[in-house]
Amino acid sequence: RRSTQSADTVRLGLFPNLTHAPALVALERGIFTQALGSVKLETKAFSAGPEAMEAIYAGALDACFIGPIPALNGYLRSDGRALKIVAGAASGGAALVVQADSPIVGAKDLAGKKLASPQLGNTQDLALRHYLERNGLKTKEQGGDVQIVPIANADTLQLMRAKQLDGAWVPEPWVTRLLHEAGGRILVDERDLWPDRKFPITVLVVSQKFLEAQPQLVEKLVRAHVENLTWMASHADEVRTLLPKALLKLGQKALPPEIIDEALKRIDFTSDPMPAALMQLASDARKLGYMPAAGKPEEALDLRFVKGSGTP
Amino acid sequence: MIRISQVSKHFISRTGSHHALDSVSLDIADGQFVCLVGPSGCGKSTLLNLIAGLEMPDSGSVTVFDTPVTAPGPDRSVMFQDSALFPWLSVRKNVEFGLELANVPRSEWQGRVETFLKKVHLWRFRDAYVHELSGGMRQRVALARSLAPDPRVLLMDEPFASLDAQTRDVLHVELQEIWRATQKTVVFVTHNVREAVRLGDRVIMLATRPGRIKHDVKIDLARPRESEGDVAYYVGRIMKELKVEVDKVMREEMGDAWQPTPGDLPSGPTGGVGGGI
Amino acid sequence: MIRISQVSKHFISRTGSHHALDSVSLDIADGQFVCLVGPSGCGKSTLLNLIAGLEMPDSGSVTVFDTPVTAPGPDRSVMFQDSALFPWLSVRKNVEFGLELANVPRSEWQGRVETFLKKVHLWRFRDAYVHELSGGMRQRVALARSLAPDPRVLLMDEPFASLDAQTRDVLHVELQEIWRATQKTVVFVTHNVREAVRLGDRVIMLATRPGRIKHDVKIDLARPRESEGDVAYYVGRIMKELKVEVDKVMREEMGDAWQPTPGDLPSGPTGGVGGGI
Amino acid sequence: MARSLWEGFSDGTILVGVGVSLRRLFIGYSISLIVGLPLGLGLARSKVLEDSLGTIVTGMQALPSICWLPIALIWFGLSETAILFVVVAGSLFSITIATTAGVRNVPPLLVRAARTMGARGPQLYFRVILPASLPGILSGMRLGWTFAWRSLMAGELLFVSGGLGQLLATGRELRDMSRVLAVMVTIVGLGLLTDVLVFDRLEQRVRERWGTDRA
Amino acid sequence: MARSLWEGFSDGTILVGVGVSLRRLFIGYSISLIVGLPLGLGLARSKVLEDSLGTIVTGMQALPSICWLPIALIWFGLSETAILFVVVAGSLFSITIATTAGVRNVPPLLVRAARTMGARGPQLYFRVILPASLPGILSGMRLGWTFAWRSLMAGELLFVSGGLGQLLATGRELRDMSRVLAVMVTIVGLGLLTDVLVFDRLEQRVRERWGTDRA
């Protein structure tokens, strides 16, 4: 059991979130199982990032869909030994939502406000801090007057409703839920801050041990992933019916279809890990002290499999 | 005056109802030293608790100085077989706590504590804690605690039963000394007929199942009571009655196995059942 | 034969070292009934525990039947003031547990349990639990439990001290009966001189601080011992010695407050200090 | 609220969750008992053990379950065993400490009596000291049960595996109050049920046997 | 490992975290004591209270802290009070239950004696029953402290507010093992420290006073 990995199973981790739709759809379609042939697929769903990363470190997981910041952090903290990013999965799907009836119209109006992010040092938290900095605002910790409260998404919804928050930088489907259930309005769609409106929100990582021992399995996995993305691009209706099914299987109660529909509109699915954007994220994170300064984040990428599989 | 009239008391427990006292009537004059004896379970403690106000009678009435007893109060001090001292308080504080509960003005505490701890020869130990005292010393503190608030009635439930014979002898002397000096009414429960005769103006014997008064013997002897002959006369008289009751209890405990033979319970004026002090 | 030679024992506690026994030597012949008396704290229990193997001497040696005592064992049964019965076992199981620990073959259990429970008149209560029994009944079960494994020595540490006088009298009779029938060696600790004289072949009096043997009195009386005169003679003799020791202890407890006067400790052959049973 | 409760129960996931969680609870708790009781016994009776292990046990008890999650993952990977480990780690130490206290409260006289009857070694421990400390041990077991419950809820967050803890977390994550409420009510209900059906009965029986309810 | 421990401590955030967490722990625990002790006393002495509240308290004890998080937010928003609420909710019920047990074990004779001396009402409760049950209450307090710690770690996950719980969580999130280790060592250390400095001493004092260490 212990960090031994047999050649006859691949253990894949994922999160029951909309931003993990490529993984969920692939599972529902049985794509990975097909691609792996005689090798068995074991999936593990997580509800929080640290457990997934700890599982990779512990050798209990071979591959995992995860956010870019945990992925880069996991790489750097292990001195480049734990994992590699082998493909992208999703782009976009995050936004700064503010109270609809508030007078906030631009970054300047955020001075003195209380804003939520999902977790200190996660992808959205970083985006929010970076956004404030670029607009010349300082957080309370930096001696400024903007207060950032990292808090669970569910609690954000609650607090937005109770008007105890002025805004929140959250991923989908929380953007949509804030709009519909908490009287929110989008102030910044994160895509607008990036070149080509593209930045990674979910990537596929594999453990280095797995990569070294079974590169052919990694290749099969990535190829299947890319094929699935191609399929998704042309089968939007099927995606909409498969997603809730997959979520339900993982113990998630189905969201209303309208919410799913609308949320999917703000997410793009792509196997491109967007190296430039990733490096930008890494340098932002380093500036804020969320990532070790040592190590080369660019070496976290191993793009030989995506490149050879015809990126959609 | 303590007046108990037509008092009955039942206890209901899981195993059924138990008739502890059956229309008991008893008057105790002020300043009298009354001893209650009787076989185990005959209701001695129950009777004492009724006077103390710790139990309420099912029927009948208990009045102390013409006031019906409805609750315990510091006018009736109680001493138990176990000293029931408060382990978290020093000897002095134990006595003071009694004074406080009896609403004795604080200015008097110092004097009273000293008086009574000296009376029981424990002034040296005023700052000791309970666990540092021997059993006899503990009972002496309990006695001081009972006496310090100057109650009109002193109720004692086998206060010396767990002490060794020597210590008990010493405390008998101290108790009689104190009683003589303060002229309190004392009700003293004991298993020990000799102890009862040595101490009491009156020895009341209870019979068992249900508990009722079987004998009420006036002990007309001068104190201190040392002359063996006189004490022995009373002890013998009461013992004879008690033996009948004890046999009754034994028979219930042991069933047919119990056969009272003249030889197996050595009897006689000084060596008999319960005759020892 | 129990042979105690030149045994000394200290106890080290936070408050200092205490010299409990000071080179005590004592031989007890097989089948003898020896009573140990002495003031509180003189080391009676310590001596008994040394024979039992519950304590080890600092110097000197204890041998039982020519074997040095190194640990407790079922050849030397011990009975305490508290019955120390196991509350989670029924009366029968308590006795059986003793048999099991003594490695008595299981086939004999049934018979022995019945024999000994009948001997103490508690066969009817074989399935009762400890808390359902009175104090006297508990001590009888403890006696049966001690006897059932057929130990060669019976060690008893104030076994009847917490019982009322009547129950104690009954148990005295039972114990003597059993001793007569089985001829065990008995070492019996008591505070009560009368009890000691009534039961023992020999009464050994210990003196205090440090504990040592002060008197060793052979009681040459026929059993059952009822004749007051003879018992009284011995009681009186031992009492006189004991009073000196008790005074010593009291003086330490009470300091200057203690003045032994002829009057305050009533003395005399039958009514004196510790004379009661 | 009643309606949302009903909704929470109606889809059956709660029932499945209860089954999964109870199984884990039962196994984890049993392991804690099997290890904790002898350990507590040992700590109470041996000065050496007490000085070495006692401190460690006391310190470990303060650790919240969240600290055990990474360790569980490293040692046991993504398996049932990892979840059980969190349950055991969360309840073992308190059971041990309570047992130690229970054993310390055994009247020394009982032990002396047993020794004079010839009891030694394991016999003394298992036939005398253990039953004699039953009242104290029972309260330790009760306590351990609470800790086991709470740790299980944390342990089930390791990965999605269908227990009540998971339902609670996802319910919270999705702001599905009917589910959260239903899980809470279930936990309280199960807690009360075990208390009444198991611990109260055991305690009642011990009290009757010991005669302590007479006091 | 020693190095990573040192790293974890060296930047000072741990020290600040300890301060913040201890403050919360102290306040929350004090509230639990102030509410729990009288409540436990009441439950032990009043049949009516016991029948009504007793069951609720027993049931609530099983609830893990995660259940209290949403309720804390709804009631208290993003405030210190919300965190304190989680601490109180996590420790109050066990303190209450332990106090109830402690009071039940008070020798009835002491209460009878006090009554015959004229003690009644609050006097009886606070001057006699409460001190008499001190040994039992102390073990309840010790237990409550453990629960308070564990709940605090959960409560501090509510939002970022500088405590050890948050340091632990972000340490995990950022895969900063040196910080995680440092926090764990700190928790164990603080747990041991309070045990030795506070509870052992209190217990020792009570034992000496009561004379129970002589047994």
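Going by the order they are written in, the chains are A, B, C, D and E; count residues from 1 in each one.
Definition applied: a contact is a pair of C-beta atoms (placed from the backbone, for glycine too) under 8 Å apart; a residue touches a chain by one contact, two chains touch by 3 or more.
Since we're looking at a predicted model, the values are computed, not measured.
Contacts with chain A and chain E are shared by D.
With every chain reduced to the mean of its CA atoms, the largest distance from chain E is reached by C. Placing every chain at the mean of its C-alpha atoms, the farthest one from chain B is found to be A. Centre-to-centre, using mean CA coordinates, chain A is 82 Å away from chain C. Distance between chain C and chain E, defined via averaged C-alpha coordinates, is recorded as 49 Å. If each chain is reduced to the centroid of its CA atoms, chain C and chain D end up 46 Å from each other. Separating the centre of chain A from that of chain B, both taken as means of CA atoms, is a distance of 83 Å. In chain D, the residues that reach two or more other chains under the touch definition are 70, 107, 169, 172. Among the residues of chain A, those in touch with two or more other chains are 50, 54, 57, 154, 158.
Those residues of chain B in touch with two or more other chains do not exist in this structure. Pairwise chain contacts present here: A-D, A-E, B-C, B-E, C-D, D-E [touch as defined]. Those residues of chain B that touch chain E in the complex are listed here as 52-54, 71-74, 76-78, 80, 82, 84, 86-88, 97-98, 101-103, 129-132, 145, 149, 155.
Here chain D touches chain E in the complex through residues 55, 58-67, 70, 94, 101, 107-108, 139, 143, 146, 149-150, 153-154, 165, 168-169, 172, 177, 180, 183-184, 187-192, 195, 215, going by the rule given at the top. By the touch criterion stated above, chain E contacts chain A in their complex at residues 69-70, 73-74, 77-78, 158-160, 166, 169-170, 172-177. Partner chain B is touched in their complex by these residues of chain C: 39-40, 118, 121-124, 134, 136-137, 161-162, 164-167, 169-170, 173, 191-194, 224-226, 228, 231-232, 242, 246, 250, 253-255, 257-258, 263-266, 268, 270-277.
Only residues 107, 109-110, 112-120, 123, 127-128, 131-132, 134, 209-212, 214 of chain E touch chain B when the two sit together in their complex.
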